[in-house]
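Both complexes below contain chain A, partnered by chain B and then by chain C.
Up next, the complex of A and B:
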């Protein structure tokens, strides 16, 4: 409507005029006007991101930085020069406000060269100036863009200690923030410990709210992945400092409870021997579950903290399960208008909860949470989509539900196949992870996946330039082929083609090679005619397997490759001969058969796979087994197997026993055949030889 | 394998004492996922000699948790039109996750011993099992794997099919040849129904295998 537009335009014009007015007054020669303009600017931008951005665009930060620099230069230490001090305090406050929670602001303050001037304020004699400087520098240190503080320089460490020892809580808090921001390496952790920083930080745990919070964050930074420092800290003063942190998990302030929990989680994850007390562990779990209800940032971060507490730890997952973590997380997931960060965190916490224990998965599936997770696969935020897939992947590890075919429904498969086209690689990889699990099918429901276009997509993705996508697409195809019906195999093979499979077996990435070989292994298992797949296009696949085995970089490649050969060797004579040709090097190369290397491997799984191949080649019922045994003997394989009769691995030992049993049967056959076939002259020679020996 | 409702080689040495937490059996390729077995279950009663043909396939295996699962198909069940398929879950007696004592499913330790002793390969373990259920035995290198298989649900028929899966099997698997012997236990069914299965190669000349890996 014309009226409304006109009003808006007027309001915008007024606002722009006011904004440029303030900036204009910053350059006033009248010091009062300048000071007033600084105050106005500060009041306008505090907590207002939009205003910060518009003043930033108008170049306010360099102007204020220039005012600060001039005032610092003019500062003569005279405590009575209150006017100049006010200018310093106000301009520092403006710069700090620009930097507060706003990376573009931090960047502008740093670019304007104000950082050294702000640091200089910390040595001022006036407390107000010091406080203003400390606040601003702290804002900068809360951003990743802040310059790294070099603890290795002696004078820097002295300065840091002076900050931590300050009576002012802002200044000591700044010291803690610098540590949180800049301490990254174990050398830095050690040097901070040696300088007595932990003792100082521990004393701050008794201080004000902001001192406690800053100290907890710094302590966690110094402990992270450094068991030596954790050991010294926990052992000091009979664990009094550790007890203080445990107490703070019950603090009345939510943020302090979260930070204390995070600090304990770092200690536990760094040195699992500590914090084994069931009461402390339960308190941690319950505190984090309760903090999920906090409406602010603490609530957003609580689920991530819970994840770091339980990730890969079955005992903690069980404890969380017993404290109704699944139900509570689900309850928060159902809330309307979750912000993406919170949504992501809850999904990832559910993923960690369901990563190992079936009781968690079955609780998850008995509620309707899977529907919410499937819906989240199509969320606007890529992080949420990815987290939803990771969560689903974790639940889909339930073999009971895979056996019941619970996941292969159109309602689940369609959104997952759709998300394979996602613009974000991490979402694609996560979606491939879920698909890898749900296609392990025992109920002949693979057809649903195929009908939804899943196989076409997987084959396309197996040609991706991104190795992670190739790996995961092949992983899904490999699982899809596990015990698949002949028709399904045929369809997948037509889509994949022999030449693509052969090139994937020779992929530059070893993990991709392994999955490609495992896929072929599954392809040639089952119905005997499926062995023919490796002979398509002049045996291009079998040749690729042989080549890859010769240069196998990791045991897993050898294992999957040997099982391909082993499966093919259960076929007809022609198939067995083809496998033997791959195993035995041509005489002219003079090289050792790679299977010998596998039989001597430290990995018992590889030794087992290699022995199975020999067992299948020398199956006593096969007509050509006698000749193959001779060839294997000639290549030194029989004597190697003979040496393995007491293999430390029971499975290898038992397969070796089977192989030796077969060798014996074949040798008996051979000796009978030999005597039967021997011409008369041969008998005579043999008999004369026998009598000659007797005479001797 | 379901049963009717309302029907009522020795190892050379004894395994050493175990290191707690170090006793998971080593993987045996003949008992890996996808492997198939076939044989019979004797369901004879006083009135009638009877055996049903049975096929088993392993679907999942998690040695760390002593867990195994799969399906069991009973082929010539008189009261069923089609083969009856059930899904079962197994507890591997690894003395870490599970001992020889069942402690559930209405099985007392006396009943346990009575069934386990039916397997000749169990006899070297008997003395220790009587003391602590075998908790202190190290079975990681033992050539037989002892398990309990409990059918959980019918895959292809309803629960009203006139069959029951209330009981469970005591199972002994031979790592040498993949043969499986078992005894069904259900206080309300005929005692000691014997299950005998052999590893099958499904028309192949040798051992073939496939695998999947969950992410």
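Up next, the complex of A and C:
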């Protein structure tokens, strides 16, 4: 292949020479040569990212900025020099192209100090110069790197209004772009409204294509999360402006339809009381579904717009469902060579569709979408992988299908376990989310997950440096432990170890602590043998639980911790004593037992958990119950529970009643016969003794 | 949006609101529409009377109905002007403006620029066309990667057509390969184009149609449309879509009635219904 190599070499050489040749000629003293070089540079870089980058590296931007600055000065001296004007137009176009869709270019243009010169062009008398300047400044304002425009300064606001009022489409479009870029706070939204910007923008809705589009974008920016401004806008001129936005949802240009829809979605999400008309809602849903078919950027963005329309809104999800959203989204998902952005958007829209309604999930599962989603879990793009997991998680909320064990198959589990190793944290977190859902299983198919190495992975991730990953890994393990059979628990516990669990209970992040406690709660739930887990390694888990409860700031931690103790207290005498020791510290420091604090908490869930523990400790069938009751009484817990007879929460009230009943029985028990005091364990020993004799 | 009043046989007035995206916005579209409306009206009437068998409408009845429709001459002229402007017949548009007094909805000078670009592509001077577009508005090619790719592809095709193999290879590598990396579908198109180099007899190879003149026309019309859109002008004239609607409306009416149909669109003569 020697020929091919040499061709490449020549190609690179010629192009480098051509590149540096242009730059060289930019500095020519011959004005004609200079102007030609500018034009040539412009034609090289427009539409060509690679060329932009290579010229940028060669330092073209500062050179062109210098030419612009010089020409602007010269123009001040001689306003009728048309040659000079052409230099201005060409250099502004070059700088604008560097800034177009290319952040490194924006940065370079700003660093070269060209921004003020470009702004000055806007007040030039020559229409072509103004146009070129406005176009370039607009390019800069379409990047997030553009300097923030300060609306609070009066002269800035005047300038902005003059831009919006301009006859030139490019200039008024620039005004709108500045708003879209820089209006962030509610104060800015308000001040723009007060300055009459909304009125101006509404009038642009009647203008040309580009005016409509840029106006719709700015309007959405001014409305966003500001109900006050929305209220004033909708109320003005009896809603004429609002109706014209609604009309634009039916515009013939796809991009205008999308932007109008987005604007209405912002209004809806800001002030849910508006746009409740079913016809408008249906039109929005159908427009967005139809825009999914657009081959360009509009089609890519349509699914994201659909998501923002339906997210967290059951009524909108239902409406979309009735308009076949699931089928339509699936249809687009099946297309070949989807670009990653579009793929991601469709998956996220499906996720939102399936987040609440079972009908959507069953429609989803009855088509073959799940297969495509599982395939997408292994996609090249991290955003797609993450979106696929989020979508799957949403579908896996279906209790009906969880009960049927639909998700725990090797075809599903293997790719999910594999993606736990993903280099991207957000993908890992999303995958853990799916696993958390699918391991809640009622059909004893958890073994498939364990067989695929899932538990090992989860335990590994629970040691991650990233708190979000620890949190979600523990969450998945917690759900895996939910009503699990003892063999499964044993396997997980062996992998986790008592010391790791204890250290996770004491994690620096409260959210992680909560999940670790919840995991232990599920671990010790059920048969007595599982209670033993918290006593492994000298009871370090139980000690950790006690320590966290002592210092618990969040109610959730108290709740999970108390349920751990409550579950342990269902065990044998020895277990109950250990719980009591955690509740009431031996060395009386004079401080109040934390359970009192929990019993007095404002959170009824925490009160319930605390009373449950007391109920389990004072179960009148166990021999030590009477003594434990005395200790509890001494710590003021009995009298506290006595005070809770009329608790506003029914659940608490019921447990309190049980506890008080037990207290009463125990108090009377003192005078009862031997048999009553014979503990349950005693009966069992007697019985087994009896059977043993029979067997012999 | 077009609103019309329908008169039913009972004398009741019925308000029909019709919307068609392609005729949106400009009143110029209303003129030829009237014929279309007659058909629509007829359709509504027939549906209203619930005719069980096909209704026959004689030529006299039909012509009377046609004569009842008022079409403003200005609207008709606007429609013609829209066609001339969009298709870029600048001289004809200028003449028509002087004769009919119809103002074009776009600066006629911009048409000249647009036509120069279009012509350059049609003649195979793609580089020249690109420079002209960039002079007109640098944003067009900077924000439209697909169009930019197609122009560059056309440039490559022209190089291959002229037998400049080395230059073509260099150009493909330098200019087009990076675009292919950015976009999968561009890569496929690029592969197809480069495949031209592999064949001795290009006129007889599977990708030979790229060298066809129709490829140039395709690219030229894509540029033309992009320039029109950048000038906030519709990229297609209204006339063809009106004709499409006429055909649609006639075929709808065919199911309900026999009437004097227009079969030859170029002469627009009414033909007697076959009874």
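Everything below uses one rule, namely that the second predicted complex is superposed on the first by the 645 of 696 C-alpha atoms of A that agree within 3 Å, B and C clash if a C-alpha of one lies under 4 Å from a C-alpha of the other, contacts with A are read in each partner's own complex, and residues count from 1 in each chain.
In the analysis below, contacts are C-beta pairs under 8 Å (C-beta built on N, C-alpha and C of every residue); 3 or more make two chains touch, one makes a residue touch a chain.
Owing to the predicted nature of the structure, the values given are computational and were not obtained by experimental measurement.
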Contacts of A:570 with chain B and chain C, given as first, second, both or neither: first
Which of chain B and chain C A:208 touches, first, second, both or neither: second
Touched partner set for A:169, first chain B, second chain C, both or neither: second
Partner chain in contact with A:440 - chain B first, chain C second, else both or neither: first
First (chain B), second (chain C), both or neither touched by A:43: second
Partner, of chain C and chain B, that touches more residues belonging to chain A: B
Partner chain(s) touched by A:544 [first = chain B, second = chain C, both, neither]: neither
Interfacial residue positions of chain B with respect to chain A in the complex: 26-29, 33-34, 59-60, 62, 69, 71, 87, 89, 141, 143, 152-153, 155, 175-176, 201-215
For the chain A and chain C complex, residues of the former touching the latter: 7-8, 10-11, 14-15, 39, 42-43, 46-50, 93, 96-97, 100-101, 135, 139, 169, 208-211, 250-252, 296, 337, 339
Complex contact set, residues of chain C against chain A: 19, 21-22, 24-25, 130-131, 134, 137-139, 141-146, 148, 166, 169-170, 173-175, 178, 182-185, 229-230, 232, 234
Footprint of chain B on chain A - complex, ascending: 393, 396-397, 399-400, 402-404, 433, 436-437, 440, 442-443, 472, 475, 478-479, 481-483, 518, 521-522, 524-526, 528, 563, 566-567, 569-572, 576, 604-605, 608, 612, 615-616, 619, 621-622, 649-651, 654-655, 657
